[in-house]
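So that we are looking at the same thing, I have put the structure below in structure tokens.
For reference, chains read A, B, C, D, E and F in written order, and residue numbers begin at 1 within each chain.
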Amino acid sequence: MKLYDAKRVAIIIEAPMQERLTDAMEQAGVTGYSVLPVLAGSGKSGQWSADDSIGRAGGLVQVICIVRPEAIDQLIDHAFPLVQRHIGIITIADCQVLRPELF
Amino acid sequence: MKLYDAKRVAIIIEAPMQERLTDAMEQAGVTGYSVLPVLAGSGKSGQWSADDSIGRAGGLVQVICIVRPEAIDQLIDHAFPLVQRHIGIITIADCQVLRPELF
Amino acid sequence: MKLYDAKRVAIIIEAPMQERLTDAMEQAGVTGYSVLPVLAGSGKSGQWSADDSIGRAGGLVQVICIVRPEAIDQLIDHAFPLVQRHIGIITIADCQVLRPELF
Amino acid sequence: MDGFFSLAIDNLGSPLILSFVLGTVAALARSDLSFPEAAAKAISVYLLFAIGFKGGVAIAPYGLDVNLFSALIAGVVLSAVVPFLAFGLLSVMTRLDRTNAAAVAAHYGSISIVTFVAGTSVLTSQGMSSEGYMVAVAAAMEAPAILSALWLISRNGSSRMDAGLWREILLNGSIVLLIGSFLIGLVTGEEGMREIEPFIGAPFKGVLCLFLLDMGLIAGRGIRNSRGVLTPGLFAFGLVMPVIGASLGLLAGSLIGLSPGGLFLLAVLSASASYIAVPAAMRVAVPEADPGIYLTLSLAITFPFNLTLGLPLYLMGASAISGGLS
Amino acid sequence: MDGFFSLAIDNLGSPLILSFVLGTVAALARSDLSFPEAAAKAISVYLLFAIGFKGGVAIAPYGLDVNLFSALIAGVVLSAVVPFLAFGLLSVMTRLDRTNAAAVAAHYGSISIVTFVAGTSVLTSQGMSSEGYMVAVAAAMEAPAILSALWLISRNGSSRMDAGLWREILLNGSIVLLIGSFLIGLVTGEEGMREIEPFIGAPFKGVLCLFLLDMGLIAGRGIRNSRGVLTPGLFAFGLVMPVIGASLGLLAGSLIGLSPGGLFLLAVLSASASYIAVPAAMRVAVPEADPGIYLTLSLAITFPFNLTLGLPLYLMGASAISGGLS
Amino acid sequence: MDGFFSLAIDNLGSPLILSFVLGTVAALARSDLSFPEAAAKAISVYLLFAIGFKGGVAIAPYGLDVNLFSALIAGVVLSAVVPFLAFGLLSVMTRLDRTNAAAVAAHYGSISIVTFVAGTSVLTSQGMSSEGYMVAVAAAMEAPAILSALWLISRNGSSRMDAGLWREILLNGSIVLLIGSFLIGLVTGEEGMREIEPFIGAPFKGVLCLFLLDMGLIAGRGIRNSRGVLTPGLFAFGLVMPVIGASLGLLAGSLIGLSPGGLFLLAVLSASASYIAVPAAMRVAVPEADPGIYLTLSLAITFPFNLTLGLPLYLMGASAISGGLS
């Protein structure tokens, strides 16, 4: 079956920023994304865990988004200003998809 | 340490389809997979969130499966007919593993 | 915007081993990682699901870690002895990041 | 109509409905108030267990009798027939295609157990009793509507059914829990009730408040996301269909001679629309139907309508019919 | 001081505080004892709903009167003013930069609802009553402090505010839930209370024990992770600031003529520091502030202090003032 | 044996056991009924807290005395010795290799707190009392078995132990919670009990029903997945071993002069097999052992056996011995 190239963008960000990020992504023309939970983590600002917090203020989420390769620049341009001041760990990886018409 | 090539297949699908998908994967000879929760998302059919639904009917899961490169065709052949009519976002990416005997 | 090469390491391991693994990763000089929940899975030792277990003994987690390419060997050297006897499915994939100073 | 207004005001002024309204308003105002999915799931297990158990205890002194079976048959028939009516109505009132119309129709044949629970709680407030086996009728009404809808889609519904789907529909968690706890109540009777009453009895209404708060949040978000989905025709259908369903329920119930309370509950079941079991089945069997349509109608239109205005209306109807019959 | 010691020992020997201590000790000893986040979230919805509802029921016979409004204004002023005091104190006692100091200050102007709930439970134990509308005051005190802190950071706080943030702050889940359930209690009154008392009344204290156990776990982990974050100056601030806040609360409360119980609760609110609403707002508006500092101070220092020693101290204060006034 | 049958029927007909059976049947029938993991975790915290607290309150009037210590020692010895017996039995009855046999053995030396809780509830139904400190004994029996098993594996078990594992085993969440709430109960006594009884007392049995429903689901899924794992020898071991354990418990208990109720509970503890603490420790220290074997045996065979037939059997035994002794 024929495979098509695409990009998988994963952004780890503070939970209270989730909606702002996905709004920005929609403005960048992204047609779809999924949000995954993050349980715990560690970084320059120390350790945290979902069980340590009341409310989601302390937590992170991971937003995942499959896009066509040519859409990546626009996505970054829209998302970057927003994540820059925040945790906002953006990774971009190559992947392949079966149904390019979905993206 | 020597690294071996492998493929990482990630399939986002409706929760009620999970068992059918993993059954199909097992028929395709896949030896292992893991299921990850998805909290929320957006796509052509609008937004959804796990907190918006009672029961899992509305939700999605992500099935992840590391396979040897040569197993990928068979996996797709078995999984595709099943996901085709559903949300079924399949991505395939290159990765490397340490213990090829596990897959 | 300029993108920098990095590696995305994902390790699936038994939940009771999580802290030992992240300790080992910190000793390997890793500056950050995130822990994601795993809901269910299947492998040589059969099927399992988070809903099937009381306590986390039966469950798995996925530890994700973005590192600079040159840090990968040290990370593996520290993490491998620990995961070797356990489930410890390690995958390494190429990715790109925007802010290399974070890693 | 005097009775209706006083009943409606009673109902609207109860902590249950006000909690639901609070949730709806919070969601419409885009507050970040939320209730964790796991807790809502746990509470729904609690509610089903409690309602099933109490039903069983209520008929424990009498045992299973023929009335139970006639009520079960009435329920199954209602569940199977209502989708055809709903489908017809949809083709008149809206422009849904065949598949979406059938998927929506399935939801209206099947039931919403929370609406049923709210109904029992209205009965209690009014000091009325009902047949304990109505919970078994509720369980029996979950599935038949799905088969009717699949038949409507392909005139050969079985082509969309695999063995797994049959099992999922018939052994659906809420069916199993309702029937199971009903049987436990039947077996352990008053003695069992005494042991667990402080958990499933006294706090029940308060727990239901929290659950309805969450349902309000979900309904409110549904309303917010309904722009572009809800045409006036669909909206009207979501209000008219439950009244038709309730009328059929009253008819069927009076044919088999239910008590006023039982009559009311059958009307409530028939009026209510599923948002758990049927959506899951549709996801599997009819993935091309748009969940945005059927979930919005069922959760954001019909559920709130039934909860607020429907319940007093159907109670009026049941009283009128029973009065007329007696 | 005799009164203080007996009150403090009463308080420290209650199951509530001992549950908190158990959690703290378990976390400090690095036990893997944990309480699921979803359950803690659900319990906090329960607590807010219960406390709001009871407040509403308590004033249902009297309705909303002018005293409510003077209390609301007192609360808003306290919330807005305390951050300036806290900011000044921090610049004297610590070396925090402007941004971090303002972020910390916001937390102390705002409130901790669990501390408030524990305060009401101390009142009940002492057989004292309080103004039912204090829950509305609690809700009103959540947000103003945030604006003060943003102003401190940029002298033009609005540059950090977008429309979304305004809505998030004002329609924050706990504000909406408190006010909403307060109104429900007000509308349904004693009759509503009777229906759901077995859920929100009798078991309340026990549920609070479990919640405080979890809070203890969180505080204990916070203390463990505070190495390197907590300077002696910060630590001292975390103990001094709540006492200052409480004093202001007592002052404001006696100016508007609250009852001894109400006086105590206003002191508790003013003494307590936020760890839900304000951290979330800071994450969005002041991401460069270090959550390690403000969460540690609020959760691991001030919350335990208030819970154990603060409550009896503030109650003493409130009684003394009321005695003096009467 | 007449006594046994009437006890067994009493037990099997209680809502607790029937809820467990419902869960098991639902899982075997592959219903999608499920109970969220977070809710089950929260309920287990509730159960441990309640049972520990009640134990503490029960002995508050007397304080800690020498009987507590002899009971603790009996418990520790049982926990440490039973694994050797289990290991011997496994090498006779099955073909498990040394590692897997030792891992299984560890589970049988340690305890299942839910079985213990169900035991206390049987006692209450029979109007019998027991030593309040039995919960402390339960906590003391969690860990020793693990050390015995590690010694069996390597004759030098310490090679598998790191500092972290020691801490994890000894400060395991359920140990800390049981002991902690036991101490809270001891300190606050009847007065504390009055405050939180409506939460941890009256609704306890109902909550336990829901928990056992979930345990039934888990056990049922375990049975379903046991094809290929469970040889007849293993299956037989899972039924015989608890009876042997209970006998040892009765022996030890009568040596130290426990009351009939205490005797019964010690037998229950000794008969029960761990499925939380020990599996977690095995995952870390003996990863090469197959969780499929030890979890299936413990959860899907021994737990249901103890719950349904074991409890009445051990109660018979305890009564017989006490009768004989008195």
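Basically, a contact is a pair of C-beta atoms (placed from the backbone, for glycine too) under 8 Å apart; a residue touches a chain by one contact, two chains touch by 3 or more.
Please read these numbers as outputs of a predicted model, since none were measured by experiment.
Listing every chain that touches chain A and chain F alike gives C, E. Remark: chain D and chain F have CA centroids separated by 40 Å (rounded to whole angstrom).
Between the Cα centres of chain C and chain D there is a gap of 45 Å.
The geometric centre of chain A is 18 Å away from that of chain C, both derived from CA atoms. For chain B, the set of residues touching two or more other chains reads 36-37, 93-94.
Chain F has residues 34-39, 41, 168, 198, 203 in contact with two or more other chains.
If you draw each protein chain as a dot and join the dots that touch, the picture is not a line, a loop, a star, or fully joined; it has some other shape.
The chain pairs satisfying the stated touch condition come to A-B, A-C, A-E, B-C, B-D, C-F, D-E, D-F, E-F.
Across the complex, chain F meets chain C through its residues 34-37, 40-41, 44, 164, 168, 215, 217-218, 221-222, 225, 229, 275-277, 279-281, 283-284, 287-288, 290-292, 295. Of all the residues in chain A, the ones that touch chain C in their complex are 12, 36-44, 60, 62, 73, 76-77, 80, 89-94.
Those residues of chain B lying in contact with chain C across their complex are 1, 3, 6, 8, 22, 26, 31-37, 61, 66, 93-99, 102.
Interface of chain E with chain D (complex): residues 36-39, 41-42, 45-46, 49, 53, 167-168, 171-174, 176-177, 180-181, 183-184, 187-188, 192, 195-200, 203.
Within the complex formed with chain D, the chain B residues making contact are 14, 16-17, 19-20, 45-47, 49-58, 85-87.
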